[in-house]
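Below, each structure is written out as structure tokens.
The following pair of complexes shares a single chain, chain A, combined with chain B in the former and chain C in the latter.
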Partner chain A sequence: MNLTFYDKIFKPREYVLPNGKKAYKKASRAPIYAILILAMSALSVKITGFDMEVLVSRIGQFFVILGEMFPPNADYMPKIWEPLFDTIKMSLLGSVVGALLSVPFAMLASTNVCPSKIIVSVMRVMFSLIRTLPTIVIALVATLVFGLGTLAGTVAIAVFSFGYIGKLTYEEIETVDMGAFEAMQAMGATRSEAFISAIVPQVLPFYLSNCLFNFEGNVRYAAVLGYVGAGGIGLILNEKISWREYPSVGMILVALFVTVFIIETVSRALRKKLV
Partner chain B sequence: MNQRIQQAYEKRPKDWVYNLITAVIVVGLLIWSGSAVETSGSTQDGGQIALNVLSGIFHPDLSFLFDLSTKGVPYLMLETVCIAFLGTIVGAIISIPLAFISASNLTPLPIAFIGRLIIMAARTIPAFVYGLMFIRVTGPGAFAGLLTMGVCSIGMISKMYIEAIEDLDTRVIESLDAAGCNTWQKIRYGILPQLMPNFASTAIYRFDINLRDATILGMVGAGGFGAPLIFAMNSYRWNEAGALLAGLIVLILIIEFISTRIRVKLTRG
Partner chain C sequence: MIKFENVGKVYPNGFEGLKDINLEIEQGEFVAIIGLSGAGKSTLIRTINRMHDVTSGKLTVDGVDVMSLSGKTLRRFRRKIGMIFQSFNLITRTTVIKNVLTAFVPDMPWYRSAFGIYTKEEKIKALECLDKVGILDKAFVRADQLSGGQQQRVALARTLAQNPQIILADEPVAALDPVTANQVMGDFKRINEDMNITILINIHHIDLALKYANRVIGIREGKIVFDGPAKGTQWDEVLDNIYVGKVDREGNLQEEG
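Up next, the complex of A and B:
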């Protein structure tokens, strides 16, 4: 039985079994975790100025804006359709472009397909760097480079999808059963032929399912991108909020809710069929 | 042998009609979505701007990056970590009752459906709308940020919690029942050990995401490094933005490394 440093301080409890053997139960680690979490919470409370009293006494204010949103202004609906469809189009095109572009890079980032260790690690660092960049920052840079409008939003979504799908895909490629690949090679197929007929069928359902999931999330993300001028429903949402036309804001949110609900339902049904 | 292979090959599913229809739908959707790509066209020096961005990111403002006062990058990062940490805890605590209400194996179907609807509604409202609502409650600052973060986390956390609860192995509870345990003992030894690793792992994962999403809070003045970052970028001070992004990238990579290790440990037990 190996004792760690912690076990030497807090001795394991000893049980004598009926047959005379001794069994040890290591002391629980829970106190350490509890202390760490409490210390971190205390620090966070101090730095962020968390105050339960303020929260309890003023929480009513939270519902003021929410209350003003109801009933939603149904007359505003005709003006929502276009930006709403813009948002869907942006996220659809962005997701597809990003997902397709990520495939070759994901192949280069998986150790069982790419023989060079250097390329693999370069690709992985690239993927994790792209994933650390906040989408809103990418969108802001894109609006500066491509001008205001949906193109900037599409680019931002494509970059985000590239990082996200790329990572999931190379992890998926790595866990694939390589037996079929080797058998194909032994039969005389080239590496690329073997990849297409042995690895692609194993990865494809998961890849498509991840793409759909990513698209679902992107529709919701795209709603935020309008805030920096990258087009779509966020643009009018931001506008109506700054004019304090809360009933219209309510209508936009209802429209967004229904759209997201429909897309999620369809995509969940498709994903169940895939995997 | 060859004949059997031939037969099997002849019997392969012939679903080209289905594939064709799928392909037509996908291509149609793509062409339809292509119609939305438009810009205002003010891109006279887009390439130059892209170069400026890159050079700023590779030449971060070092005095800002290592400024240890409350205006420097390290303090902003610490504040962001604190917002994300408390936000995740708030979100996780709110999610627990919501998840138990919406788990279809515990509650009757209509109630579970209402619970899921509430979770979806909470998820639809974009972060900056929440930010504005909470600023009315607490005033601008980190406090509003952490509340926003908490509410935004509810959607994903409770979804994962619901899945964990629905996967509960009820036979364990039955055997504890047969052994004569009371309700509390059943919860302590039958339910908690099954749920805790899952719940903790979800919360840590969400903490990771919250750290990345913290930029959005800055837009509404809800604390963290978001506001300085957006200001720096809007006024083309790329060196400052570069310093903030460098700090963010290092922070996220460290946190991701730690959280992945903890989660692997949690799932392997």
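Up next, the complex of A and C:
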């Protein structure tokens, strides 16, 4: 048995069988990680200037604003419909476009499908780069390119979905059982024929499920995109908060909550059937 | 006819998989290849359809030099060689008949395979192949709901659907219980006799090899150390040589020392 420095301090537990043979279970490494996490947390409190006093003394203000939102201003509802549907349209279209575009690139990023290591690494770096860009930054750039409005928001969401679905898909492709792929190749199929027949059926349910989950999340992201002028419900949300019309803000939030709730419920039910 | 002439295979890491293999296998033979794990049985079988490359010597199938093939000619060549795997290699998430239908994919336009559109003729042919291995009633069941023996038969039906002249089987019964293994070996035997398909089978069960095959080839450390008929051979000495003295005729390990 190999004893590391750690094992010499914290002795392995010994089990002795009636016949005198012994088995050893090494001591858990968990305490090291627990200490590390605690130390990092303490450090972050120091760096970020987290102040418990301010938190306690100002938390009341939060409830004051929340209180002002009630009762929500129901008369404002007719003006919410359009931006709300814009938000849903943006997220739906963006999610679909991004998810479809990501498939060929996800194939090229999978080591078991793409024979070239260079292409695989290039694709992976591209996916990581895209996921590093916060959606709000992409939206901001998109408004500069395509002008203010929902097109910019749609592009931002499509780019985010591309990176997100692409990464999940190539990881899914890599865990696939390659046996059927090998069998297809042995039968004289090309790599793409083998991919379509042997890998797609294994990956498809997860892919669709990820697409739905992505769409769910995008409805929430899309609500914020209005802040940078990329259209949707965020536009009026920003406006009403700046004007301190809290009852209208309350109405917007209620509408958003109900929408997100409905979409999430439907999506969850569908995903359950898929996987 | 499959012909190995001084064939050798060196893996990129320097390991010698096959050494100076000379072998002639006529159309319609049923050959069992036995030997320890790592002796080169899989490598030998997989060079025939070029799933593995040979690095020296010459390997011809029906007069065609296997190493001269590439791209389209290689894929067309593979169409006439079926392959059966230890782990069945089925598409588990889909139905049995769809698995068999994949045998037609290489001859179809891509949009048909992409959307899984098959003609009535193809479907009937797939069902006939399932009937030949006795699992017609499972045609529309999901493949992962079948037992191991049934799954191996689906794989066999898939191979039959491509109308092969040769079937290469890489330890087809290693994952099966003895009764099922016997049944599957029986299927191979029937296919071999009824359709005159050459069968090369890698197998660890010596009793099954002797019972079903006509010819047995023993491999040890990449070399052929025995090649003869299954019947009428003095097996004890031969097995001693193939398995380096570790196994008796019933396949039991000998206690060392």
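Convention: the second predicted complex is superposed on the first by the 241 of 275 C-alpha atoms of A that agree within 3 Å, B and C clash if a C-alpha of one lies under 4 Å from a C-alpha of the other, contacts with A are read in each partner's own complex, and residues count from 1 in each chain.
Criterion: contacts are C-beta pairs under 8 Å (C-beta built on N, C-alpha and C of every residue); 3 or more make two chains touch, one makes a residue touch a chain.
Note that the structure is predicted; figures quoted are calculated from it, not measured.
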{"item": "Fit or clash between chain C and chain B when superposed on chain A", "value": "clash"}
{"item": "Touched partner set for A:186, first chain B, second chain C, both or neither", "value": "second"}
{"item": "Touched partner set for A:62, first chain B, second chain C, both or neither", "value": "first"}
{"item": "Which superposed partner A:198 touches (first chain B, second chain C, both, neither)", "value": "second"}
{"item": "Partner chain(s) touched by A:23 [first = chain B, second = chain C, both, neither]", "value": "neither"}
{"item": "Chain B versus chain C as contact partner of A:270, first or second or both or neither", "value": "neither"}
{"item": "Touched partner set for A:177, first chain B, second chain C, both or neither", "value": "second"}
{"item": "Touched partner set for A:36, first chain B, second chain C, both or neither", "value": "neither"}
{"item": "Dominant toucher of chain A (residue count), chain B or chain C", "value": "B"}
{"item": "Chain B versus chain C as contact partner of A:150, first or second or both or neither", "value": "first"}
{"item": "Superposed model, chain C segment overlapping chain B, candidates 38-46, 128-136 or 146-154", "value": "128-136"}
{"item": "Shared contact residues on chain A - chain B and chain C", "value": "none"}
{"item": "Chain C - residues contacting chain A, complex", "value": "49, 51, 74-79, 81-83, 85, 87-94, 98, 102-103, 105-106, 110, 113-114, 155, 158-159, 162"}
{"item": "Contact set on chain B toward chain A in their complex", "value": "29-30, 32-43, 46-47, 49-50, 53, 78-79, 81-83, 85-86, 89, 120-121, 123-129, 132-134, 136-138, 141-143, 145-147, 212-216, 219, 223, 229-230, 233-234, 245, 248-249, 252-253, 256"}
{"item": "Of chain A, residues touching chain B in the complex", "value": "40-41, 43-45, 47-51, 54-55, 58-59, 61-62, 64-66, 85-86, 88-90, 92-93, 96, 128-129, 131-134, 136-137, 140-141, 144-152, 154, 220, 223-224, 227-228, 231, 234, 237-238, 241, 249, 253, 256-257, 260-261, 264"}
{"item": "Of chain A, residues touching chain C in the complex", "value": "177, 179-180, 182-190, 192-193, 196-198, 201-202, 205"}
